[in-house]
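Below are two complexes that have chain A in common, paired first with chain B and then with chain C.
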Partner chain A sequence: MDFKTAGKHIVLTLALVVLASATLAAQPIYKFHVDGLACPFCAYGIEKKLNALEGVERIEMNIKDGVVVVTMKNGSALDEAVARKAVKDAGFTLNGFERLSPVSEQ
Partner chain B sequence: MMAKITGYTLFKIFVGILISAIVLAAAGWSVFIPSAKEPSYQFVNAWGKNGSGPGQFNDLTGIAVAGNEVFVSDARNGRIQVFDLDGNFKRQFGNPGDKPGELGRPMNLTVHNNELYVPEYFNDRIQVFDLDGTSKRIIGSAGSDPGQFSAPGGVAVGKDGELYVADFYGQRIQKLKPDGVFICQWGTTGRTSHEAGSFYYPTDVALDQAGNIYMADGYGNRIQVFAPDGAFLRKWGGPFARGIYGPFNGWFMTVTSIAFGPRGNLFVADFYNHRVQKFRPDGTFLTSFGSKGTAQGQLEHAMAVAVAQDGTVFVADFGNNRIERWRLAEP
Partner chain C sequence: MIGVGEVVLKYPRLCWLGFAMVAVQLAMTETSYAAPQTFNTALPVAKGHFVFREQFLYRKASDDPSGADRNLDVLGGISVLGYGITSDLALFGVLPYLDKSLDLTMPGGQRSTRDTNGIGDAQFFSRYTIFQQDRRGSNFRIAPFIGLKLPTGEDDKGDGFGRLPQPLQLGSGSWDPFGGVITTYQTLNYQVDAQVSYKANTEANGFEFGDELRFDTSLQYRLLPRKLGTGVPDFLYGVIETNLLHQAKNETSGGNDPNSGGTTLFLSPGLQYVTRKWVFEAVVQLPVVQDFNGTALEDDFIVRTGFRVNL
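Coming up: the complex of A and B.
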């Protein structure tokens, strides 16, 4: 591989990293816990309330472990207080709210 | 000497209290924890597993039997699947969505006059299909006004086609004309309570032959019964039917579905107790079946129940994504 080809590869790799980072940065993912989620009447209620929030793209629920993962649309963010209220409106209490991707800046 | 007498007296008092406590506990046990009055049921067979293919399920949330067919709410797959009584797949209809013919988390099913009534938790409506799967009409919309729904979980249909809808987040049971026009309701909209005539997340409704209305008060852990004119008749489920949950006979841990058998007895899906309980219409406990597990004949959360004309009971086994078939054990 000559110097020119290697340079092209480096530029391409950097471009992919930047693109991936930008995508991740624009589409944050949040995770939190809700106790007592085994019943679908409960789980669907939380899912329905969260789905009604602006910017929510996808919700994944592990009913058995009580874990909820919310993926937001590009450029949207999920405020913890808003998520907490949605879960409360569904009749439950939110625990351990964290942003999975990208990691919050300190 | 004095100390000896005092000690003896104290001992007698202690024994008296102990005996009284035992007698009270025994009396309470007999009052609040009834014994079975008929044999249990025996497991026959099961079908289904997690997936999206025919005969596979992703969250079973409702079941109904009509003639020789079993209709099943396959909630996350947004469809109704139909089987024969042995569990052989016959057909399916519906896709996830909110257009006519699509389904947003179908729940407890009811068949009346060759029509399938499907409460849709996400779409806040009752969608009526013919038994081949053609969507015929839609009743209700999202909201808290009369005739609107907030996550309907179950529906019963009266002789004249009137609807009784368990409005889960609405905390009420609504009675509607066949076209959806509001008639009356039980419970205060949006307000939970353990008082008689109030609800704590109602999930299902069933009617007996006389038109009395049986309501599954889901997280109220009880059954409430009302006369056709709306008057409160009775309630049961744990001590005083005040929402106390437990694993004993006649107690519940979240009632998610109810259905009448051919002899007029009521079957109750007792979700967190992983069992089905059977009662006389007056609330007398008869028997129960099911226990927690993944083996054949066990249940991982009993979500819904339906009874065929011959008395065979079908149970939606939520956690195991399968239907189980049970029948009364031979004496």
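Coming up: the complex of A and C.
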């Protein structure tokens, strides 16, 4: 690989990194606790209700700490009252809602 | 030659009492959607969602105090569908398929078999959570329930020997209300469920099963993973359950049958593998106390296995 080709690769890689970072940064991420969550079968009920909300792209759960992290699609937001109702409809209690990113928009 | 129909007349206890407790115990179970395997739980069904459960059972009863050397085998499949109207109110429907077979020795010494199979009596019931306390990694709930057993199973089946005795029929022919209350305490490490229930059996075909009072408990302890990491891993639970059932005497032709009813206590070890969407489970019910009136046929064991799925 000559110097010119290597330079192109570096520029392209940097451009992709910047683009990916910008995309990720634009996706709102929310974190909250679900009180009462204590088994995998129940976790799925919560996941189903949250997935049914408009704009939800990804849900990550940590059953040990009862933590749920919701990543929204670009331009979407998750309202706390909506999330609280979804968790309640699954039979559990939402606690400690916070927006992780982008913080500046909060 | 003496047929089974004649045996019915000669040994009414054999035909009526031999199955009475069996029929009751088949009807009383499989109404659950979640954790315990032999009864219900107070855990929620998400609003607007279904949970389906299929349980297969094999029951063997051959401890016969009479001289007929009776041997009863029951194979069954019980389907349960639960639906969450709200997170507190859930409706359940239960439909069993049963295959019953009885071998016995006639007074003349020959062995005979009477059997039947088909859809049994369906049940519908609702459960409402009246108390709920959620904490980080645990929850506690109390939920009463009320329901009705419908006469969907055939209750007038016969064979070459005549009409099958009522307890061997697939259905009772009666509309029987039941109700009770369930409580559940669940943590990440273990879960405890307890249920008390009562079923008021009514008369049909000149026969009325005795009312049933039962008390059930269940402990599920997480065996794997030993330590929880990140995410939502599958759980393997060790399970131990108890089922205490008391049934009043049956009534036939307006009088109590002195050779029916009694008390049974089962101790039931088992395993349960729980994923986010599926539950696979198996339990063996072992009778530790069987205090029946008369010469009722006693259980050897019951095996239950099956799955549940979050729809």
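Going forward, the second predicted complex is superposed on the first by the 79 of 106 C-alpha atoms of A that agree within 3 Å, B and C clash if a C-alpha of one lies under 4 Å from a C-alpha of the other, contacts with A are read in each partner's own complex, and residues count from 1 in each chain.
Here is the rule we use: a contact is a pair of C-beta atoms (placed from the backbone, for glycine too) under 8 Å apart; a residue touches a chain by one contact, two chains touch by 3 or more.
Note that the structure is a prediction, hence the values are computed from the model and not measured.
On the shared subunit chain A, the superposed partners chain B and chain C overlap sterically.
By the touch criterion defined above, A:A83 lies against neither chain B nor chain C after alignment on the C-alpha atoms of chain A.
Contacts of A:M72 after superposition on the shared chain: neither chain B nor chain C is touched.
Touching more residues of chain A than its counterpart among chain B and chain C is C.
Within the superposed three-chain model, A:F92 lies in touch with chain C and out of touch with chain B [touch as defined at top].
Once the two complexes are overlaid on the shared chain, A:L50 sits clear of chain B and of chain C alike. In the superposition on chain A, A:N62 makes contact with chain C only, while chain B stays out of contact range. In the superposed model, A:C39 lies in contact with both chain B and chain C.
For chain B, the stretch among 39-47, 93-101, 129-137 or 273-281 that collides with chain C in the superposed model is 273-281. Residues 38-41, 44-45, 48, 64, 91 of chain A lie in contact with chain B in one complex and with chain C in the other.
Residues of chain B that touch chain A in their complex: 59, 61, 75, 105, 121-122, 151, 153, 168-169, 201, 203, 218, 254, 256, 271-272, 301, 303, 318-319.
Considering their complex, residues 33, 35-49, 60-66, 88-93, 95 of chain A touch chain C.
Per the touch definition, chain C reaches chain A in the complex via residues 34-35, 43-49, 84, 86-88, 129, 132, 134-139, 186-188, 191, 228-235, 274-277, 279, 308, 310.
Residues 38-41, 44-45, 48, 64, 91 of chain A are the ones touching chain B in the complex.
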